[in-house]
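Below: one structure, written as structure tokens.
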């Protein structure tokens, strides 16, 4: 991460100061509580050498504002009106975040006007006629037991910034919580900017959502832990289908548009996987170093089945130049690496001498629509709590996250600026290579399970 | 079922006598066991009026041979050599049946030569070079914990009757257990016939497999119970995806080529389903009485989501005359009611004014590849035990089944002769209509939930 | 079952005629429905030889009334007032039965006055002040997703027959559905008798509940299938705990006061069990043929762990003459075979030379409080539907059940008259002996896995 | 945490230098790998103000050695002999750690002599005669699918340091991995000290195990995430049992001897819990502010059920002075807060006017014996990998852990020195209070859900 070097040259670019709506003057109603100091900050890195460098250079190491309860608030809870929305695809934990926001606002701060905006930003646009839901602790009490989001979700409409702010203004919203991914947060940043331009006093606070867990500055995102767990059943099914046929291939497409975290975690946690294909690693299909040859080697070595996990963002190059496909109604179909590999593997292996068969699994909906589990649910609650603390203290244009195991507040623009990638030289990926032993078949020398060749059952 | 009337006219057609290899002369090694009498039979119907008719007419009511341990055997266990194969698609419980066969042969009868034929009938054909697996109680001890089949499976090759019998003969097999569906059992009948023609002493006994549970004469088939249970998770996901979007439609295709048992059971057991489409009921897509209009009525009534279950054999008429589709490699793709409905619903509902979205689920592999559960596993064990009892007593060209809660032996040809259908006037289907309330939307008068119209959430 | 012989001598004792409140004169509102004929009956046995005997003797074979929709009703649905109660311990499926009753009454018959009586019979007694719940399809729509019963349950109060009938009379109840076990159904029979004495027109219909599945005349009871499935997780845990310690013993107590069905099914479906102890089989703890010696033999043979399942009704003789035990508050504690075995095994095996450890599991609550699954839920729905059909046609003092795979109506007194037991010479118990191989350790000659001795891992 | 202040006064006390066996001179066989620098360290705190203080004072902030692959090793992999043991109670993930150690040693480093010591330290003592298991990737390939530990475990024997080191020495072990809790790690420290005294070259590296997740210096411990998730089912059961009876109380005892992390996480993730009792909070049973009065208030307010979670270490004061209890064999029974509360609540609430009933759940074994799930399994793998990296580089008397999201190496003595406690003024505990609303019933003013009183269903 080059940021740490760049800090030495222009520290002012990395001050990460959170915008506020104004000075905090209202006494917090919280009692028996540990308040944070407004100046509390958390270092982005705990690397001792880096920190020593900054210290020697006499400059502040980059840090984020600590999240937590403030002694003084910007908003008077009794008069505060809050709107919450969820946008984009489903992710485990959306309902936990909603519940955490409502419970904290209601029980800790005594806020009574909490509205759920239906179906993302769309719910703010009057022409669609969606009525907001009043949210109370009783209404949200058991919503965490269901996947999905009780508010519903949708994509888009974020470009209608003026209309959205009109709507917030018309309804006297003081705090607007946006739970969503890239697009949602970018729109939220635009909304916050427009709010500022109009000199309104509306705090816009985001809770970043990406099941892929590849945001750079916000730590583990909610839903990822559950998603990884949820892959167990489908990978087991694929394994059984693969083993149930001669030269059977079980092919599973998992989430991960830009990064292979879910694919890698799933392959390591369910070590029946024989090949894990991720966006970070280029691979061939044809030729001596290609996937087909690798599977052939596996079959030829006496293993008569094969389980392949592919992240949706892997092998995008193969999709270029493919002929158009249309569905029964004439709609253009998007090309998809999962279906592409399925067709290629089927074309090659279903014939003599392989006589194999390919079983394809695309479980995305079943993975993302389940409720968050255990510690993942706790993460949702604590992100929500800190989002409320920040908003009540007038923080705006920001997101909650976790930095070095501490909840922090970061500028909203940082949340989507850059994607984290698998470190191909790091322990996680090497453990995946050990678990799959795929490089033995790809004939990649000295990589992961390289010092010895023991083909995996 | 007209059979019961036809019996009165020509009772001899319904004698259901099981072929045997010859007289039983070997003493059974079983001790502390309740033996059956060779003449024990189980009535096909327990309908008191029918039976009174037969009694009055002085004719034997139709019945099957009772299954169970025989006091005298045809085969001497010490010299008996057994082959077991699994063919066709996966179904929960295959490994339990294998385990039940092996344990009964080994522990009860003391048979020591038990071979697992790999990948269905293919494994008997020498040109494929598959080595059979020796099966012992230790090898099968934990196989029931996995789905699939340890023997592997494949389709086809059943037409090579001569080669298959050559192979059984060459390997001195005395008993051949075939676990499989229609095609498998038809081939097994052919094998038994060829065995008879050659005057060999090989018992061929089938264990019928169809996850659809629609065989007419063999009672509940193994795997069905687990399959129904397994639909829970995917239907819940579809519900969450449907509710998570404005006018969201969750569409799930379930197994059931000729009958809608899984679809009906799943819709009743998971009553978030709003429409259940089965092969037994014709339906329209377009027009006032069609599915699209029904979904429109649902959306217009203020319900902004919809869950649809469709059996794979429903609506086959729509597939006729559709243009060809090919995959990326130019292979012809089969049309499929699930994908067809997905495309039609998407084309209609993704546009204004509906702004809806369709999420499609095709969970067949994940349903059929899981291990059998609880009582379903018990069914497998007891079917297997009775298949062994029958074979050791020289019964051949037969299958095990359950008739009126008793294990029975039926001629193999009966197992596949006719499919059971949902009784559309019976309680099960009416309960589905109550649970879905779909006829309110289809505007079918007086059917199921007909006396009142309370649209379902 | 001697009943079948006794029929030949005194057929009139086995007519099993259901009491009715009077002639059916109201037209059924059901359309598109298959009605039954009032004279339809289902034979209790489908044993062909028995039936031939009856036929030869010119007497009616014993049969139950067929359950199903009647063309004519006793009650006018528009004026019918229904009460439902659940009593006794929890069982999976209670909520499904309630839902099935409400949906059938409401959608099929158009009944609108349906009351849930809280906490069993207690809810009918005015001094406890429990308000009944109005039940509608919307209220019961998702209750099947939870275990337990939305009505609550309690034991006892059934002896206050007069007060209970007073209460039904005061509230103008026409139909009273009792979902419960022995005690509940006995009280229901008393209520029906008192209703008759007072010449009231209240139909009393029971749905038998016993998770042990050992009622003699009503076929498989709801909840059993789920209970068997639910044992999987706890037996797996016990296995892991047993293997995780040197000479580790995992001891699990399962339901089954009079019969070992759950224990036997669970041991067969989860074949890591090494000893299955049921009420039907006497066993010793001490001495050469006792459990301790058997476990010692297992440990001595090199197996360093052991999993034992004991039904709660097994080994009751050991509990006689034990000293009293009291809890911290001085309350007398009931002796329990699970705890007794735990203490005995601990006392023996925790010392040198065994150095073992005993981990005890009593999962009853976690097994009985889960929701019914898949096909078990369907059973609940169809039992409920048939209970409604019977009640609307004025049948009373009866229960619904399944006879030879058909839903039937039996006199309520039969439901609890006699318990089914494991047939120790039958295939189920023999399969358990094969799966556990316990007789090798008990040194029981020639029983189950007797022809060979292969100690189980 | 006062340590951060104490550092300013005596920084040398907090240098946390890891002992090594000697200089690293062997070239690492790892290729395509990111090596760490021996001087890399990770700060214990990322608190910006603290770090600024240290910087201003010119002293090194406290830090741990970074874990990771070293370019130079102490041991030559080809000649390295490794022993692995698991000791103490089960925890999810033990098998994943074993698998991670074996795979990393074998595939990354090419180590071929890997021994599993059976049943903890006991397995090293010759008089018990346990044979070690040879461990290879094939042997450990699927062990992660089972809970428990394939090596078996036991408590104790750690005091026989001399004998244990004799045994390691006799078998020429170079690296000894100890996976265990407090006692195990203390013994490992003693072993390392004795190894040093004898001037042997044996690296002793620990992987800390405590399902309670309350170690101060090692970050989240493996197994905790799974344990929290695993509480879901049992708490749901308790809820159903509580609701299924009038004034029903479901009481669940969870792990947590010194801290309430599992109890708190479980109560927050499963918000049907009404009271969460942890070691960090003193509570009364009797009197106006006691638990009994609180439950009475709940029942009196119209809520007729109640779910209570108690950590095993809560309310230990009540156990003092209780009369002795003995089991059937006369063995003394330990008092236990779960059983104590059960008896107290039963004595009070089973009587008129409450007529309630208490259902008690002690699920510890079923929680700790399951396999680690998803991300928890990944944690195990990466802890194991870093333990191997450290050991191969000659680090000894140390444990692996996570500090500020980075894997680190800490002195073994630190791992057990101090227990983390729930911060009663922090967001986690406050979220528990919001979720349970228990302080409304305890009448604790202004604590958690204090600003308003909405009793929880």
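Chains: A, B, C and D, in written order; residue numbering restarts at 1 for each.
Following the convention adopted for this analysis, a contact is a pair of C-beta atoms (placed from the backbone, for glycine too) under 8 Å apart; a residue touches a chain by one contact, two chains touch by 3 or more.
Note that the coordinates shown come from a computational prediction; the quantities given were computed from them, not determined experimentally.
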(request) Hop across touching chains from chain A and tell me the fewest hops that reach chain C. (result) 2
(message) With centres defined by CA atoms only, which chain is the most remote from chain C?
(response) A
(message) Based only on mean CA positions, could you tell me how far chain A sits from chain D in angstrom?
(response) 28
(request) Express in whole angstrom the distance between the two chain centres, defined as the mean CA positions of chain B and chain D. (result) 48
(request) Starting from the mean Cα coordinates of chain A and chain B, work out the distance between those two points in Å. (result) 41
(request) Scan chain A for residues touching two or more other chains and write them down. (result) none
(message) If every chain is a node and each touching pair gets an edge, what shape is that graph: line, ring, star, complete or other?
(response) ring
(request) Please name which positions on chain B make contact with chain C in the complex. (result) 29, 31-34, 39-49, 51-52, 54-55, 60-61, 63, 68-69, 99-100, 103-104, 106-110, 137-138, 141-142, 144, 219, 224-226, 228-232, 265, 268-269, 271-272, 373-375, 377-378, 381-382, 385-386, 403-407, 423-428, 430-431, 433-435, 437, 446-452, 454, 456-457
(message) Can you tell me which positions in chain C touch chain D when the two form their complex?
(response) 90, 118-119, 122, 128, 130, 146-150, 152-154, 233-234, 236-238, 240-241, 243-246, 248, 304, 322-323, 325, 327-329, 331, 335, 339-340, 343-344, 346-347, 359, 361, 363, 365-366, 369-370
